[in-house]
Amino acid sequence: MAEVKVGIINVTGYIGMELARLLHRHPSVRLASITGRSAVGKGIGEVFPHLADINLTIEPELGQVDLAFAALPHGESAATVVAMLERGIKVVDISADFRLKDASEYRRWYKATHPALEHLKEAVYGLVELNRGQVAGARLVANPGCYPTGAILALAPVIKEGLIEPEIIVDSKSGVSGAGRALNLTTHYAEANENVYAYALDGHRHLPEMLQELRRLAPEPALSITFLPHLVPMTRGIFTSCYARLSGGEKSREDIVRLYQDFYRGETFVKVAVAPPQTKQTWGSNLCLIYPSVDIGTGTLIVVSCLDNLVKGGAGQAVQNMNLMLGFPEETGLEGLAVYP
Amino acid sequence: MAEVKVGIINVTGYIGMELARLLHRHPSVRLASITGRSAVGKGIGEVFPHLADINLTIEPELGQVDLAFAALPHGESAATVVAMLERGIKVVDISADFRLKDASEYRRWYKATHPALEHLKEAVYGLVELNRGQVAGARLVANPGCYPTGAILALAPVIKEGLIEPEIIVDSKSGVSGAGRALNLTTHYAEANENVYAYALDGHRHLPEMLQELRRLAPEPALSITFLPHLVPMTRGIFTSCYARLSGGEKSREDIVRLYQDFYRGETFVKVAVAPPQTKQTWGSNLCLIYPSVDIGTGTLIVVSCLDNLVKGGAGQAVQNMNLMLGFPEETGLEGLAVYP
Amino acid sequence: MAEVKVGIINVTGYIGMELARLLHRHPSVRLASITGRSAVGKGIGEVFPHLADINLTIEPELGQVDLAFAALPHGESAATVVAMLERGIKVVDISADFRLKDASEYRRWYKATHPALEHLKEAVYGLVELNRGQVAGARLVANPGCYPTGAILALAPVIKEGLIEPEIIVDSKSGVSGAGRALNLTTHYAEANENVYAYALDGHRHLPEMLQELRRLAPEPALSITFLPHLVPMTRGIFTSCYARLSGGEKSREDIVRLYQDFYRGETFVKVAVAPPQTKQTWGSNLCLIYPSVDIGTGTLIVVSCLDNLVKGGAGQAVQNMNLMLGFPEETGLEGLAVYP
Amino acid sequence: MAEVKVGIINVTGYIGMELARLLHRHPSVRLASITGRSAVGKGIGEVFPHLADINLTIEPELGQVDLAFAALPHGESAATVVAMLERGIKVVDISADFRLKDASEYRRWYKATHPALEHLKEAVYGLVELNRGQVAGARLVANPGCYPTGAILALAPVIKEGLIEPEIIVDSKSGVSGAGRALNLTTHYAEANENVYAYALDGHRHLPEMLQELRRLAPEPALSITFLPHLVPMTRGIFTSCYARLSGGEKSREDIVRLYQDFYRGETFVKVAVAPPQTKQTWGSNLCLIYPSVDIGTGTLIVVSCLDNLVKGGAGQAVQNMNLMLGFPEETGLEGLAVYP
């Protein structure tokens, strides 16, 4: 069998370097080419000593590969993605450029006209557990945002079954790496350490992703979400707490758990936890742990989820998408257990 | 003027030692006696080197003082508190023993018959901003729990005005010192570091405090709260995010902010923040920062609050209560600004 | 080929669970049996959710395996190790019981008569880079301590060449997981967070290991080491800074670097870094990064080293030893890159 | 008595804002004017919410004050300091511009000609415990660097008495706030968290300060220091470990401790700890804890010291200098105990 080659566009961000870590150990593909917005011409091991085993130079342009991961910022990504598609290269786009199907939503949240409307339709939202079939046949997959991954997976089962009232609260707590590698006072160590706060109180760009995917599942589209992200002092991990009133008669926690177990039965990377989960239990792995619960006193469903924002919320999910797009078993190269403690 | 003497019962917990720090610098009282559940007979500086300037020995029994802080665990506290009252000593009780007015609620949440029913009625819930007058005249004040302090202060203005639907979500993120100084695997460094999770999904003992105090304010008592506490990897700080539907017509953020400013006008320790606040801005101080907001898309009120769980959520609030009980200006000894970064 | 089976005695400590993580993904052995000092009868996934993919129950006694890892505390380990040897099972002992060749040193540092003198002689000190041949032929390997691994690897080249004066300073900074999973006030989160300090100022048990192995290399035995370990607020990682006067004429940093490169040429897990290394560059991997330098002003050699105390300083090194003992390529199952950031 | 007014030049760095915190509560001076390199025209509470109680606007130029703290970067500071002196304003200079008496050393370490040679001679190195008399009479005090404060205080007693060999190792571990508020990849949260490393292996600018002050104390000037600073993942604190051979006959730890106790007897801010100290015990306070020890096996003196780099290593020491320069008791406004945990 001819060797399958893959490349990373912009390896120098946190998702880019995590992709390099995962792909280096992937048994079925060869990481053959990498580019960077900085450090062009340097060996990757010079820039990132932990990747010194990867014998590649950061190039200005991607070499010929079968599939590329585009890890550029939104807005910048689309043009590069299109150029890849035109070269016959499949693409997993890490940016937000192809996630929203409705171009007016893109304009509203990203304050720009969509840069590649003609490809919006073919792009598949790469949340494998919901869109597995489409991903397998896609040549362009939009890798989900880190927050939507945790929130959608937590809510999908009850929304599909129409078990909750349509007003949902999603309260997420993210590690600081989610803010990326670009320097900013809010992610300066002395500012972020020993500190917790909410941000994006006027609305976060990941909200329309959640709405888009959950509305597709819902029997009726009246869904609304209040989403509030928080920064907590750790490097990796997102903990998402979802709240909604149960509708249509009492449900026990056991009923709900059974529903979740059925919904995610057979999934490798989404597990219904038997005890309240912790982000650390997913550290460095592609796992998303989900725990549904019922607040008896108020009839409120509480579903919490944990994941590593750079893996299931980023590079790991991207590799999971790649595996499907290239015909490999979904879990290939993603079998590593979480590193704990 | 005769010198006012105060004492700390069980100085060896985190609230106890924070009380010692604050009282040592208080200009109007003298910390005259301290006891401990451990380390009896040792100088406090031997046990806690940062308190070496305090020249006191940990005693088995409290000496004669005018007011005592009881920093014992719930259940254990009540008997000691009663003994102090009988000696004519005013008491600020840090434990939960006198917080709940309804003894059946105490039984339900603390799994025990209330240990001192006869004193329950006179105890004042020491959230000064709501109960200032009662505190000033009390001889027994129940110092509020750390979570209720942040949640009640965040919600009081809109509940008093009847501006929200009665179903409220309270999602709190606490630093690890809130779990106390007793050893536990969940607060073992390697377990708690780089980790976030929810706990007490079956109900947390601080919920009935929130309900009790907020129902007293509400025009109608139909209030319900779903409360979920989370542990985040930092030592001090609680960030609380409250969510509720606005009722009775549209309100702008400006309307709500004005309401909060009016409600807390003149308060030294509760401030309506002009930008989304951070727990670190309250670190080591008696400040509670509150920031109300409106999610326009869904008509949901979001109010967040920040405080230091060991100060406004513990020892600082206790000193604030003491000041009122002893007739000193409320802010005496609590003027220190937050230590940042 | 018949399958090779391995077991872990006491999987419930940090080294034990890290062994489980590594062995689960090892392509040439099967983790077949695990025991624990606690949690006997439970599935490992119940106790450690991140290990839920491992389908094993914690047993009271180890089943039949070809090689066992004994991850018991010192003193307790020896008897179990001997029992394994008698059952024909090879052993990598994580404890300190077989590290010191001189039983009087054992007595001095561990305050006990050596519990299995008759096996002391055959035990090989499992620092593969120095003792590769002996390890390959051993049936009992004593896995090195975490501090000695970093210090010995940092100093071996110059000591072997006799390039430094015999008085050496070793100043190590360790993450908190090195103190293990047993509860202790010093590793309570609120105590260890935002804190640095030295401990064992009266002498640390890892010192005689350093002396034993380095004296074996030295042309003359007059070597002395002042070793001071420090605790720093992170979970994993040891940074070791070694200081010694260069002897016998001026040496440039280039000369020294060349010596180190020659010494460690061909090693998979010890690398001479091209820039000052950081512990995070080894996080979760079996890598030890070494960086020698010369303080020109004083003629002092400075060599620093980084490793993950639970991998190269523990479970990873144990697997490296196992690989040699069982005839597998040394790096098998240890190829994972560091997880960064 | 006429009110004494003080000002802060560049309040927007970490030392500047810590000065504001301390001076706001100082009973004998009034913080009357502040300037900033950024945020001119804004109220300080807008920029730093934890300082909202301070009712001052950040000005482009300092108003009339009796004493100014110059918290500018080195090189930039000197011209401003001179301008203040010419206006008759006493100055505590936080920068390094006036610390080194030998202008050629300044040139060597700061790669620039000294910008104000004519004032170098009158500047007093503001380590109060060594230079108290000179500080009291000075109009220009150079506030010591954070590392030199911890190292000089740790070594002064034995160097003055000539008790150690002249080759000294100083290994320091600093929290990240020591690197300041300017953005840098090394202080980006995700990079600095869970990480330890040495830096400035080619020499650090704080070394000549240590040598200058310690050589002034030494009976013979042959002193040399190998100084290696390390970054550890915490916000505040410096832990310094000093190593040197004891000379001239055996000394017990008791002998050495007595020497240190005698040397620092009566000092408010330097204490000889009775047990190995921790940086956290000095958090937010002006305390420096020192603990001398002897490694019996090698005859090596080990002295460790702890301080808060922003207080005794910065703003607190600056206020201590100010107190002396203005004739106030040295401890005025610095009585706050460390905030622990």
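Here the chain labels run A, B, C and D in written order, and each chain numbers its own residues starting at 1.
The working rule: contacts are C-beta pairs under 8 Å (C-beta built on N, C-alpha and C of every residue); 3 or more make two chains touch, one makes a residue touch a chain.
Predicted model only: the values in this text are computed from it and were never measured.
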Which of A-D and C-D has more C-beta pairs touching across its chains: C-D
Most distant chain from chain A by Cα centroid: D
Rounded Å distance, chain A centre to chain D centre (Cα mean): 46
Separation of chain A from chain C, taking each centre as the mean of its C-alpha atoms, in whole Å: 36
Interchain centroid distance [CA atoms averaged], chain C/chain D, Å: 38
Sites on chain D at which at least two other chains make contact: 14, 175, 177, 190-191, 193-194, 233-236, 277-278, 280, 283, 341
In the complex with chain C, residue positions of chain D that touch it: 167, 169, 171, 173, 175, 190-191, 193-199, 201, 203, 224-226, 228, 230, 232-237, 239, 241, 243, 245, 276-280, 283, 291, 293, 295, 297-298, 300, 302, 304, 306, 341
Residue ranges of chain B touching chain D (in the complex, touch as defined): 14, 17, 21, 24-25, 46, 48-53, 177, 193-194, 235-236, 271, 273-275, 277-278, 280-285, 289, 335-341
Chain A partner contacts - residues on chain D that touch it in the complex: 14, 175-177, 181, 183-185, 187-194, 233-235
